[in-house]
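Each in structure tokens, the structures are laid out below.
Note that subunit A is present in both complexes that follow, paired respectively with subunit B and with subunit C.
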Partner chain A sequence: MPQPQPKGAPSAGGRLARFFTTENMMLAPAMLVLASVSIFPFLYLIYASLMDFSLAIDNPTFAGFRNWLRLVKDPLIFQSWKVTIVYAVTGLGLELILGVGIALLLYAAPWGRNLFVTLWMLPIFVAPVVAGLLGWFLLNSSYGLYAWVLQQFGVHTDIFGTVATALPAVILIDVWEWTPLITLIVLSGLQSLPTEPLEAAEVDGATYWQKLRYIILPLSFRIIVVALLIRSMDIMRFIDTIFITTAGGPADSTKIIGLRLFDVAFRFMDIGFAAAIGLSMLVVTIFLGKAFIRVMYGRE
Partner chain B sequence: MATVRFDKVVKSYGNQLVVKEFNLEIKDQEFIVLVGPSGCGKSTTLRMVAGLEEITGGDLYIGDIRVNDMPPKDRDIAMVFQNYALYPHMNVYENMAFGLKLRKYSASEIDKRVKEAAAILSIEHLLDRKPRQLSGGQRQRVAIGRAIVREPKVFLMDEPLSNLDAKLRVQMRAELAKLHQRLKTTTIYVTHDQTEAMTMGDRIVVMKDGIVQQVASPEELYNRPANMFVAGFIGSPSMNFVACRMQEKGNETYLVNEEGFSFLLLSPEVAARLAPYKQKALVFGIRPEDISDSLSWVAEENYLAARVDVVENLGAETLIYFSLGKETLVGRFVGGPRYRVGETVKIALNPNRYYLFDQETELSLL
Partner chain C sequence: MKKKLFAILSCLVILTLVLAGCGGEKAKDTAKEPAAQGKLVDGPFKKVEGLPAIQAPEGFDWKQFAGVELNVISENTPPSSAIAANIKEFEEATGIKVNIQQMDLGTLVQKVGLDFGAGSSKYHVIYADPYQVLAKYSSKFVDLNELEKDPTLPKIPGGLEDFIQSQLEIDGYMGSKDKLYALPYDCPTMVLAYRTDVMAKIKENFLKEKGFDPTPNPNMTWEQYYQVAEYINKHAAELGVKYGTGHQAKQYDSLMCDFSNILNAYGADYFENRDLGGIGAANPGKTALTTPEAIQAFEFYNKLLKIAHPGSKSWDWNGLAEAFAAGEVAMAPEWHEFASMFENPEKSKVAGKVAWTTLPKGPKRSANIFGGTGIGINANASEKEKKAAWLFLVWATSPQTQLMILESPVGGATPSRNSVYNVASVKKAMEDPTSEEAKKMPNLTSMKATLEAWKAENAYGRPKVPQWPQIDTIVFTELSKMLAGQQDPKTTAESISKQVDALTGN
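Showing the complex of A and B:
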């Protein structure tokens, strides 16, 4: 039975009415989509990580923190993080040096910039799977072009089948595909640099290298960090190329953490453990992102 | 300190000629102003001296050295840019020290020079700040400071005051003039503002469409403009121009037109010199300050009856726009407004301070 309310006091009905405002109603579909594709899976992931959850058995049972403990105890996880760090640091390092270097060359180029950028960008438009296939064909020890070239120099190895060469090979494929992205981002940053401080530096007596060191690089520092940030987020989760070329082998030498997650989830069907791995990757990514942001604004 | 010599310097972008045969000899310690409307080639000329633009033709000398192919860093010049061009990531001290650091001066020498310059420009309290924490005027001081610590042979200034508000501009103008008196460094100063040019320059180069119109001292530019462009460009408000022809009445020569304009040439020499132009279209010029309602200048029959169109009261003086038939004349009068709009008043044109141009060539005939 509805009770009389004092005027002006918020009633339950009033609160409800305020919730169903036009604005909120218009936001609702977006919130629903977001909840279904992002929030709910995330919560479910946390739930799964606490369960003994295998697709092989019928019902997940509560496992406590067993999956989380495995994260630190399992030597294979440790191995994968090691590979990931080598893969990411070397790959990002090469991409940074090459990407920024080529951006600087293009920035200084008197002509031909657009044509070169277009050609240089092509690998980005290729799906990572295709990039992996290309790498596979080119480096294949029986019919690969690059393998053949190496053989002419007396190098006879199965590039993807040897521990010493497999990781460098997949790193180079990543560098081939993603250096252009760094070039593109950094070049756009360079092109938006104000020209007057550069001219002032010239008049002040700076050589090209001094301009680069004291003016150009400090002024484009942030955009370079942004490019690295984007790439560092990607490099951990893009498994397509490695999946196609080596599938993590030989002897787990190219099994980055993302690929390990894939194996655990879809080969061993251990969803609970995979969820824990996934969440640990999320935590690492968040901290990495935070670190980049701090570096970026630390110069204030 | 040094002289700067332009010998037939040309600048073109492809087919487009931006600066045509620029000849000029700038004396040591001189303050020279390049002035002209936007797009006249003045900034390009300055940037050629700086080495930021390639020289298409001719020779440019700083001191006795031909610098056409010398990079900016070897020219020993310092430049102040319109947008200040400070290094945004360096503080004021580092901005000023940068050029000295590159030239490998000792830390103590750098410190001494920066502090000195900061004292001259009264920006000592700002040395730790970044450019974005400074006001426009402060930034411009830093930019000037960065130039003077270098003690270069030549200062180049590219519209350094254009981005400042009116009051600050007037103040900085005086400070720059003082600075030049103190340092005596040869200075090339580019501006589109004729007041800046007139107040600061030892000599002024008036440019239009890449062509030098006249090189002269401020007094000479004002009193003896070479052509209609210079006459109209120098002075504010600008000179009045009236299209006219010569007409002889008895012994006297008049300049007249159909709008009721009439001006008696008093000097027989001028009348004689104008003899070849009897049939030609002429342009009569008179500055606003040489229009008067004082009746002592000319005989009564030579007054012009003009209608008052607009009265602009500037406080110390009043600008009055008259119409004479279809012609418009601006007069400048000391004191407050004395006429009402719509009134017809008698005005006289100063018989000793007028200009005459050939309408076809626009060159001065006097």
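Showing the complex of A and C:
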């Protein structure tokens, strides 16, 4: 005796019919493209992290979790994460302070805002590799303008060749290039703030600092977090500037994790280990993103 | 009767077969002979008196591969720039279209590795750096012996014997001499550049004070070099230079090259197996960097870099060349092909004031690291592409093309062919740096020293092993830590040994 169909539960044919709706069929090409450019490579990355490509790049052998164990055991990876943390935290901190500060100044500026924003944004349009070259030309100890200025004050150190100065120099290049992005995002947020609370505060006789502390910053908090979120992801990925100026040296003092990944993947062609490093970077980025989003919505 | 007839018939059949067999063998031989030993005729290329011409078997159709498109991947070096500028000669003669892509070595290694990994032939002709490409991917290259022996194809003009043999060994083979993977293409070698004007200024007083001539020469030792550099530092203001010596000690491949000269001059090497610098080996065996000679070399290099231009630690070979050309340093171990830059008044403040010699000697010898590269053919290419690529290889490495590269204003690289050095104009330029010929081929000002550096007693080839990119990185990273004062020379040597032995499983 056939089992009675529960009320409301669709039959197999019904499920199939629901799947092949016009909407789904129209979405299918886009989903296929998305799968081919994003999901399949991601799955391949997971597969690669379990393989050993070091002996023959076109004929990998199964390595189990060896690449993942190397990731935990290799002191060079830890060293690179340490440098990355210093690089990212200092860089983001400076970009945040300067970016938000300049955005506030522009927000309050009575005239010339558009002209200044246009000029201020120029570094964003420069490719990171060109930013690195500019930094190299300006700080080069043979012909660099800034190096020459320092030499006039009796400072004869080589900026990219000294451990104490190389990392600050590459951080400052990053700050020069990307602070305008923070400014731009924050300024757009400030310009869309509701004017009523500010007008009410003015009527109540609030000072600028009081308005900033109690109205402007709390209201633009979300947009600042969004700016930081975008930059924090980028700062882990972009290696061009460091590659051009110091190549990770001296003494590995500027070898961020992205640069280490580049070495392992493209100099050593150790694709399995590189895949494991890449996935670990992805996990860190996801956690970072989640943390920022939690901070963003935590204040609601 | 029947039996007799059968026996006679059988004998006749056997005899016929034997005769036919012998005749066939003979016929086969005679068919082979003309092709194998057939007359070779000159190809449709420019001929230069005194140089072996590019030749092919009689009747060879140079245009049989017309329409084939070859992708050549090369480091952005002077020979490739000169070849790109003069590629019309080859394209018109063969109908083959050649796309030359030039890039930095790191990018090249990455692209070639991915091409091989994918089993494809995006690049047909490959700039096969012996240490970063050939050592690791030799099996992915065509055995050029097969193409050279093919009776239907053009021959290497002048034969393999015309290449500088030590360079052929390094650039062409891997592990054994059974297969030839690449033909020598360029040959930068590290020698010593120094300022003649600075040396002339200090000569008298230095001689009085130290008792030897400060002018670098083939008999100068590294310890004497140190003293000269230190002396120039003390008198820098009056001499018009900032420092006595400059080095390419950025945390990069250049640092390993710079250090290797001293390591080997002190009688040490990276591995116990000392025969890795030529044809190389798959497994290098145990390291030998903690021997007393090696430790001495580490100590001396650390000491030398303390008095070198502070910029040294951020310079690779280009940075050092720019500093030398800007007149910042009086002496620099540098690749000999920078001679044309130093003699170009538009790029150099020291044009006409530069001389070259082999690198100073250590307790053992003078060691001058070789940095040349060959070009080979991707084994994944189709048969037609392989043959078209062979024509390109024959032309690009021919003495005529090598001479063209030497004379080209966009090239200037020195030839990897013995015969070119016997051309009258080349000889004159090497002997007289003030001659018109030398002005036309400024790279030859460093050539006398370089030819000395190529002699077996002065030449040094770094270990050619598949793991070299990793070993190189370990060496220059640890050296960089030593130069930054983070570890002493002994610890540096031990750290490199430990990491390299772990990497190679020894």
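Operating definition for what follows: the second predicted complex is superposed on the first by the 269 of 300 C-alpha atoms of A that agree within 3 Å, B and C clash if a C-alpha of one lies under 4 Å from a C-alpha of the other, contacts with A are read in each partner's own complex, and residues count from 1 in each chain.
Simple rule for what comes next: contacts are C-beta pairs under 8 Å (C-beta built on N, C-alpha and C of every residue); 3 or more make two chains touch, one makes a residue touch a chain.
Worth saying up front: this structure is predicted, and the values here are computed from it rather than measured.
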With the two structures laid over each other on chain A, which partner does A:P168 touch: subunit B (first), subunit C (second), both, or neither? neither
Looking at the overlay, what does A:Y214 touch: subunit B (first), subunit C (second), both, or neither? first
Touch check for A:F268: first (subunit B), second (subunit C), both, or neither? second
Contact-wise, after the overlay, does A:E202 reach subunit B, subunit C, both or neither (first, second, both, neither)? first
Figure out whether A:P250 sits in contact with subunit B (first) or subunit C (second), or with both, or with neither. second
Larger residue footprint on subunit A, choosing between subunit B and subunit C, goes to C
Sort out for me which residues of subunit A touch subunit B in the complex. 194, 196-197, 199-207, 210, 214-215, 218-219, 299
In their shared complex, at which residues does subunit A touch subunit C? 53, 57-58, 140-143, 156-163, 166, 246-253, 263, 266-269, 271
Using the touch definition from the top, list the residues of subunit B that touch subunit A in their complex. 50-52, 71-73, 77-79, 81, 83-89, 98-99, 102-103, 146, 150, 156
Taking the complex as given, what residues does subunit C use to touch subunit A? 106, 109-110, 113, 116-119, 132, 136, 249-252, 309-315, 319, 322-323, 326, 328, 469-470, 473, 477, 480-481, 483-484, 486
